[in-house]
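Both complexes below contain subunit A, partnered by subunit B and then by subunit C.
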Partner chain A sequence: MIRTALLVFKKDLRIEMRSRVLLWQVLPFGVMALLLCGIALGPSHAGNSSAGPGLFYLVTLLVALLMINRSQSVEKTPGTKASVATLGLDPAGVFLGKSLALATELWVTGIILLGGSVVILHTSLHGAILALPSVVVTLAALAVAGTLYGALTSGGDGAATLLPVLALPAFAPLLIAGERSFSAALNHGGIWRWWLILSVALSVYTAIGILLYGVLEES
Partner chain B sequence: MKQLSQRLFGPLTLIAMGATLALGLWVVPPDQVQGELGRLVYIHPSVAWVALYVSFGTSAIASALYLWKRTRSEVMDRVAYCAMEVSVVFIALTLITGSIWGRPAWGVWWVWDARLTSSAILGVLALGYLALRRANDDVQLRARRSAVFAVLVAINVPIIHFSVQWWKTLHQGATVFTSNRTLLIHGSQAWTLLISFIAFTMLFFWLLRYRYRLEVQRENLAGASLEEALASRRREGTQ
Partner chain C sequence: MTNAVTPTVDLHNAVVLSGGFPLLSGVDLQLLPSSLTVITGANGAGKTSLLRLLAGLVPLSGGSGTVAGFDLANGDLRELRRRVGWLGHEGSFYDDLTVRENLTFAAKALERPLIEIERALQRVGLSNRIDTVTKKLSAGQRRRLGLSWLLIRRPEIWLLDEPYASLDDEARTFFDALIADVLRSGATVVISAHDKLKSEALQPRTIVLGGGRIVSES
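And then the complex of A and B:
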């Protein structure tokens, strides 16, 4: 399972490095969305608003949706599914590999957006650094849940529009916990309670994914 | 015997619903603190009980049984789908009756309370389940994906249940029992509440049964239409 996971992880990252979709499409979209958040708040509020953590996660969520769609679309190229079936790859390994690749992409995006929120929304740099452990776990949970939801919606009618309908309500608890932990870090509160909740969510989604990803890939 | 019990189930449900209404509206005295508004306690908690636990529980259990290869069958898939569809009605009723109570009690129709928000999210997830079913034409694929989604959705039920303890926002905590299992409601109020829980649970299973029959008929009709279309094409070919 670990071998398959590493194989899929490397494959997905290699595709991303060659296509550069993350660099040229997803990241500019994320930065633009952060700028729009600042514009929506207005010049007098954007600099001293307590909405920074919430807006950071909102933008990250939108970016994550694009990346989940992208992660699933690379599996749809002709022959990919047949190759996976012929090779007899462990579905749990495929799930873990795809989740890890998506999490890596989200971590890179998250760090850049975190820097963006420090510059654009004037979020405290010290608070943002303190929030990093919870951001890492939140994005990992988003990646694992996103891989599951991506597989649920891929290939059906209107998959691109169905994904947000199914995934956004499910991501809401992660968004709330992530935002609370970020706010706690900014206000020097305890982030470990939220970190623990997020870790439990990550473990639950990983367990469900390992158990059920194979069912989704059955033909 | 089976047919008799099936025939009696509907009238019994109606009797239980009628008893809930009569007891809740006329027999039980108004609440000491909330007055007539307190009578909503005979509807809202029972509707929420069905919406959160009975219907989602039925759907999640049927979905889990579908995912387990030994018990995989179309029946499980249909039960999960029909239960989820009925649950949408009950979640809507939970939010509506909650809002009717919230306006005079809290002064607003809606508040960003943990219980309310998490219940609304569950409602959107249930609608998402119905959207997912409509997005796939392949029957097997649709059933598998829906079953996985129903199991994922069920994770939210404990979050909603414990939300009043974890976040301590506006929605009140446990109303019927304390955390030490001590009964908080007594006398005619307790009996009426118990009857309302039974009545709404019966109503759910009654609706589920009819929705299930409707689904079987719809599938038969779709199958018959396909057979008819194929026969028509064959006739055209021989002419």
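And then the complex of A and C:
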């Protein structure tokens, strides 16, 4: 399982580095969305607003949805899907590899957007640094849940529409906990309670994915 | 005393349904090792569905059958998929990876030594394209890459979906020679094609499908 996971992880990252979809399409979209949020708040209110953490996670979610669809679409070309299926890869390993690759891409994006929220939304730099541990776990949990729901929706038409609708019940608690921990960090409160909740969610989604990814692939 | 050869493929009254619609209905088919079979028929006749059934990519809905000793009606289809090689006409690899990266992925997944990549590429005449990104290959080169993928796999059954589409005469001749080698090694080869094979080197058995049934064979 671990060998397959590393194989798929490296393959997905290599595809991303070669295609540069993250660099030229997803990141500019995220930065633009953050900029629009800053304009909507207005320059005088942005720094004092408590909306910063929520807006950061809102933009991160939009970016994550694009990346989840992208992660699944590289597998779904009919010929590729059939050929890779005949390699007999362990589905649990594929799930872990794809989740880890997506998490890595989300971590890179998240750090850039976190920097963007400091510059554009005038979020406190100190608070943003304190929030980093919870951001890392939130994005990892989003990647794991996203890989699971991405496999569920990618087979049919309109996957890009179905994904956010079906995944909302899984994503919403993560975003709420992520936002609460970020706000706690900005207000010098304790983030570890939220970090623990997010870590439990990450473990639960990972366990479900390991058990069910093969079934989702077959369906 | 006779030496009975066990068929690689043995289907009896095989049925494949998709959403209640029969893609294959009542197919009886036996294929022996080292045999070449061409499945022809009009669009929607069931050619690709038959290949997908043999590859374990769709489940058997009715009837019975074995492929490479694997019981289609009772078993984990993933086990069967490891024993077959599939070359689709749409391409069989990741477009954003190079030839080397695609084949390395396949070789590592199958736990084959990486030296086999060089050998397979030499065999299909694609060594000079090893670091080319796959999406930049021509249709013929992509087909050769697909063949090298299968050479690394060394499956018991080669399932080739429309392999001659968009190939020029030179590529067809090369393809026929490689198939002849594969047959000599004992593998079973099944090709789906719109028309009968116009090969002088190969003398295949031809099965014509229509409406998900075998209409005739020669």
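Criterion: the second predicted complex is superposed on the first by the 216 of 219 C-alpha atoms of A that agree within 3 Å, B and C clash if a C-alpha of one lies under 4 Å from a C-alpha of the other, contacts with A are read in each partner's own complex, and residues count from 1 in each chain.
One rule holds in what follows: a residue touches a chain if its C-beta (ideal position, glycine included) is under 8 Å from a C-beta of that chain, and two chains touch if they have at least 3 such contacts.
From a predicted model like this one, the values you see are computed outputs, not experimental measurements.
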item	value
Touched partner set for A:V204, first subunit B, second subunit C, both or neither	first
Partner chain in contact with A:G88 - subunit B first, subunit C second, else both or neither	second
Which of subunit B and subunit C A:L212 touches, first, second, both or neither	first
First, second, both or neither for A:L7, with subunit B first and subunit C second	second
Subunit B versus subunit C as contact partner of A:L166, first or second or both or neither	first
First (subunit B), second (subunit C), both or neither touched by A:L152	first
Intersection of subunit A interface sets (partners subunit B, subunit C)	none
Of subunit C, residues touching subunit A in the complex	52, 55-57, 78-79, 81-82, 84-97, 101, 105-106, 108-110, 133, 146, 149, 153, 155
Interface residues, subunit A side, partner subunit B - complex	148-149, 152-153, 156-159, 162, 165-166, 169-170, 172-173, 204, 208, 212, 215-216, 218
Of subunit A, residues touching subunit C in the complex	4, 7, 11, 14-15, 18-19, 74, 77-80, 82-83, 85-89
Touch list for subunit B against partner subunit A, complex	67, 118, 121-122, 124-125, 127-128, 131-132, 134-137, 144-145, 147-149, 151-153, 155-156, 159
